[in-house]
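Chain nomenclature is as follows: A, B and C, assigned in order of appearance, with residue numbering initiated at 1 for each chain independently.
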Amino acid sequence: MLEADLLVLGAGPAGMAAARTAADAGLSVLLLDEQARPGGQIYRDVGNVPEDRAQILGSDYTKGRVLAEALDHPMIRHLTGTTIWQIEAGPRVSFTRDGAASSAKAKRLLIATGALERPMPVPGWTLPGVMTAGAAQILLKQSGLMCERAVLAGSGPLLYLIAAQMCRAGTPPLALVETQTFADRQAALRHLTGALRGWRLVAKGLGLLAEIRKAGVPRYTGASAIAIEGKVQAETISFTSGGKRHNLECATVLLHHGVVPNTQAARSIDVPHHWNEVQQCFVPEKDGWGRTQLPDVFIAGDGAGIGGATAAQLQGRLAALEIACDLGKTTPADRDRNAAPLKRQMETELAARPFIDKAYPAFREALLPADDTIVCRCEEVTAGDIRRYAGLGCLGPNQTKAFGRPGMGPCQGRYCGLTVTNLLADESRRSQDDTGYYRIRPPLKPVTLGELAAMTDLETDEQEPVT
Amino acid sequence: MKTASPFRELETDVPRVRVRFAGKDLMLRDGGNLAAELLAAGVLSFRQTPVSGAERGPFCMMGACFDCLVEIDGVTRQACMSEVTAGMDIGMPGTEGDVDA
Amino acid sequence: MESDYAIIGGGVVGLSVAWGLLQRGRSVTVLDGDDGSFRASRGNFGLVWVQSKGMKQPAYARWSQRSAAAWADFTATLQDATGFDAALEQNGGYDFHFSDETLAKTVAQYEILREKLGGDYPYEILGHNELRREEPEIGPKVAGAILHHQDGHANPLKLLRGLAAGVRGKGGTVLNGKTVDTVTRDSSFRIRCSDGTVVEANKLVLAAGLGSAALGPKLGFKAPIRPQRGQVLITEKLPKILNRPSLIARQVDDGGIQIGATNEEVGFNDKVTAKGLAGLAAEAIAAYPILAKAQLVRSWGALRVLSPDGLPIYQESPEMPGAFLVTCHSGITLAAAHASFLPDWLEKTDTAPDLEVFSEDRFALS
């Protein structure tokens, strides 16, 4: 079993920043990540991207190189290609690497597992050729692959970023099908003053739109009734916009309507979560340092609530400062002195959030999909199925899981959990908090029985409850 | 074999190796992301679902959705979390000839 | 609103009894817990099982046999009413042995039981090679197996869903998300829930699983019930590789291989441990080496509902006549008996099964 002062799960901005800050404070750090190279999704492969790709991706991407390079520190051990499938009290994690299962233990655990794209269940979203917009960006970052004849559908700043990058690469999207309405924009303007404090983000957004306009990409706004059709693969996307039905032929559809925290790891150890109405997702409960109600477990980055890459990095550093203080490596006074500038920067960073959240709300039709739409991709369970199970008395997602298998497939509910909770909350007229979420159990990701059976360094120091 | 792909590679002058996918030979970028390289080679459907037999391909490209599952050495793996190596023999889960899955 | 019966517990046991009573024209109100309740109905192994049960109490073996024999009719009736198929397969099941010694020892016990049951205990012993003809994927470490022809399995989740639909379809009232606070009895039973709901009924069945341990004494039962954790694994969906179920593994109707289960006395702790997973995986691979390459996709810890001797408890309250405790750890196997025969016991008809050996009299007051 590997041991360290601090175990960090995830080598994205929060995890990388936390690892370095903790190492600088004298903590031994074990950084576990699934990918072959550091960066997470936002800075995927940032350390070995060729210059032409770097130009297309822009400086907001390439600035991640600093974080990746900072992992070169004697106190940091970065295990790449590591799939974590269980977290237990200790804190201890079990993982698979190079086809062998093993485990690691530390004094503190930092979960920095980032975000997932908000599921966007619309008819046809399971067809080959339909991907998340983030997937297209990963294809570009890691593999230099551009989608030709693609339509982007949904809402949010990421949609513009990807469209602009596609324009730069000479493969502009066929169209942007945007779900936000004029009313959303009006509502967002109330938050404009706050947003101006985060003017860099807003300016960036305007610059992207200018690039998209220049490339002549058609934009449809207030889109509804979005459906993707195709015999085996996506062939067309149809939608209503401006009172008219449109039908666009395309090879790829890229969906996006915001990102949500990936809560699988935190939920698997029963960190309490609550519903965030503005961002329409569950977020873990934590204090200003990222400490959860489990005193030796911290969360930083988008997994703790969506704030973007820079905020994630700041949160990672703050958590590391508190952990170093916890473990007696720094004094509370030093911690606070080092934290002060980070906290100020965080305020600026988050200032534009309310504006963005209001201007680009989640697509309503995808939050409560029509009956025929598949909600659970793995088990092919439809929204109508969920509504029927609600009618059979299912108040929460763990009962519907037993009744009809949503959330039982290999993705463990990552892409159906929020939708199922929303549907049940809507049917029973209860809040999302009262409705609850899937109970997440190991394995967090599949592991072969052979790998499991070969585990040798097992111990059980389970706390037996008094009954 | 190279099928028309709706994806364009920014860099084409790269070392490639031969792999087999569903019984067909493909030349994929050595060390590349398996899901991305299959897409670049024009493979959009990676498997058929065990529930309805519907075809699926990569959706999230970040290891979360499990739609890009393929079979490598008799084990179901996420293509987007795998690297291309020379001589890989990749099966398409859910199709005939995949009886030893 | 007053029902003939109020049933506390909306799991497989409570719903099976409700279904049976509704078939007899009784009105029923079921009180069910919430999404986070401990629910053995969601976590069990799904066997409809006879062998190894009632080694010390042949009446239990007989009761299990009677239920297993009634299962096909039970599930067919439910399917006719709801369209839901519980995927019953009764082609026999195995008890695998990794040594000739344990096999011989078990057979000796089965022989004693067979005699007590008047010879009705149809099993055969399969050596490694005979077993291999039945199950080509068994591993070299398997010495042999006992194939019991009254064993089988079903999909317990589909059964739960079918019962939930069937009880509603037959006019039963099911109230979900309820926690029972108090029960009083005057001319009829008054059940008060924490949210203020009040249910009145002439008779009451307590089938709340582990919840019965706390509620039971309030109704005059001893209810000596404890949780025992069983960790269970399930793999990705695979083509058919296991022909019959065993206590180690079974292939469920939609393809996953279910592997079970640990027996752990850890109180109300339903967590999964890495150690538990590794042990179960190793045993499954010893039985079926091909499973080494299978991906584990889910695991869970479920809490068995156990009495001190592991047998069911069927008891009418001495303090509150008309209140009955129904609890067991084999809610799936016994579902058919609970739907088909238990109503006669509750109604005290001439054809009521003799369940005296399952009364609480067998437990000394502690």
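The definition used in the following text is that a residue touches a chain if its C-beta (ideal position, glycine included) is under 8 Å from a C-beta of that chain, and two chains touch if they have at least 3 such contacts.
Model, not experiment: these values are computed from the prediction.
A.B. asks: Check A-B against B-C and say which one is joined by more contacting C-beta pairs.
C.D. replies: Between the chain pairs A-B and B-C, A-B carries more contacts.
A.B. asks: Per-chain C-alpha centres versus the global one: which chain is nearest?
C.D. replies: A
A.B. asks: Where the CA atoms of subunit A average out and where those of subunit C average out, how many Å apart are those spots?
C.D. replies: About 40 Å, centre to centre.
A.B. asks: Could you work out how far the Cα centre of subunit A sits from that of subunit B, in whole Å?
C.D. replies: 24
A.B. asks: If you average the CA atoms of subunit B and of subunit C, how many Å lie between those two points?
C.D. replies: The computed centroid separation for subunit B versus subunit C comes out at 43 Å.
A.B. asks: Among the residues of subunit A, which are close enough to touch at least two other chains?
C.D. replies: As it turns out, subunit A has residues touching two or more other chains at 409-410, 446, 448.
A.B. asks: Which parts of subunit C, given as residue numbers and ranges, touch two or more other chains?
C.D. replies: In subunit C, the residues touching two or more other chains are 236, 254, 293, 295.
A.B. asks: Mark out which residues of subunit B touch at least two other chains, giving numbers and ranges.
C.D. replies: Those would be 51, 75-76.
A.B. asks: So in the complex, which bits of subunit A are touching subunit C?
C.D. replies: Residues of subunit A touching subunit C: 86, 88, 92, 94, 103, 389, 392-399, 401-405, 408-410, 412, 435-436, 439, 441-443, 446-450, 452-453, 455, 458-460, 462, 464-467.
A.B. asks: Which bits of subunit B are touching subunit C when the two form their complex?
C.D. replies: Of all residues in subunit B, those touching subunit C are 50-51, 74-76, 98-99, 101.
A.B. asks: Once bound in the complex, which stretches of subunit C touch subunit A?
C.D. replies: Result: residues 10, 32, 34-36, 39, 41-42, 157, 160-161, 164-165, 168, 174, 176-177, 226-227, 233, 235-236, 254, 259, 266-269, 271-275, 277-278, 281-282, 284-285, 291-301 of subunit C touch subunit A.
A.B. asks: Could you pull out which subunit B residues touch subunit A in their complex?
C.D. replies: Going by the criterion above, the answer is residues 6-11, 29, 32-33, 36-37, 39-40, 44-46, 49, 51-52, 54-67, 69, 75-76, 81, 83.
A.B. asks: Could you pull out which subunit A residues touch subunit B in their complex?
C.D. replies: 34, 36, 41, 50, 52-53, 56, 83, 116-117, 126-132, 134-135, 138-140, 142-150, 169, 171, 232-233, 251-252, 262, 377-380, 409-411, 414-415, 445-446, 448
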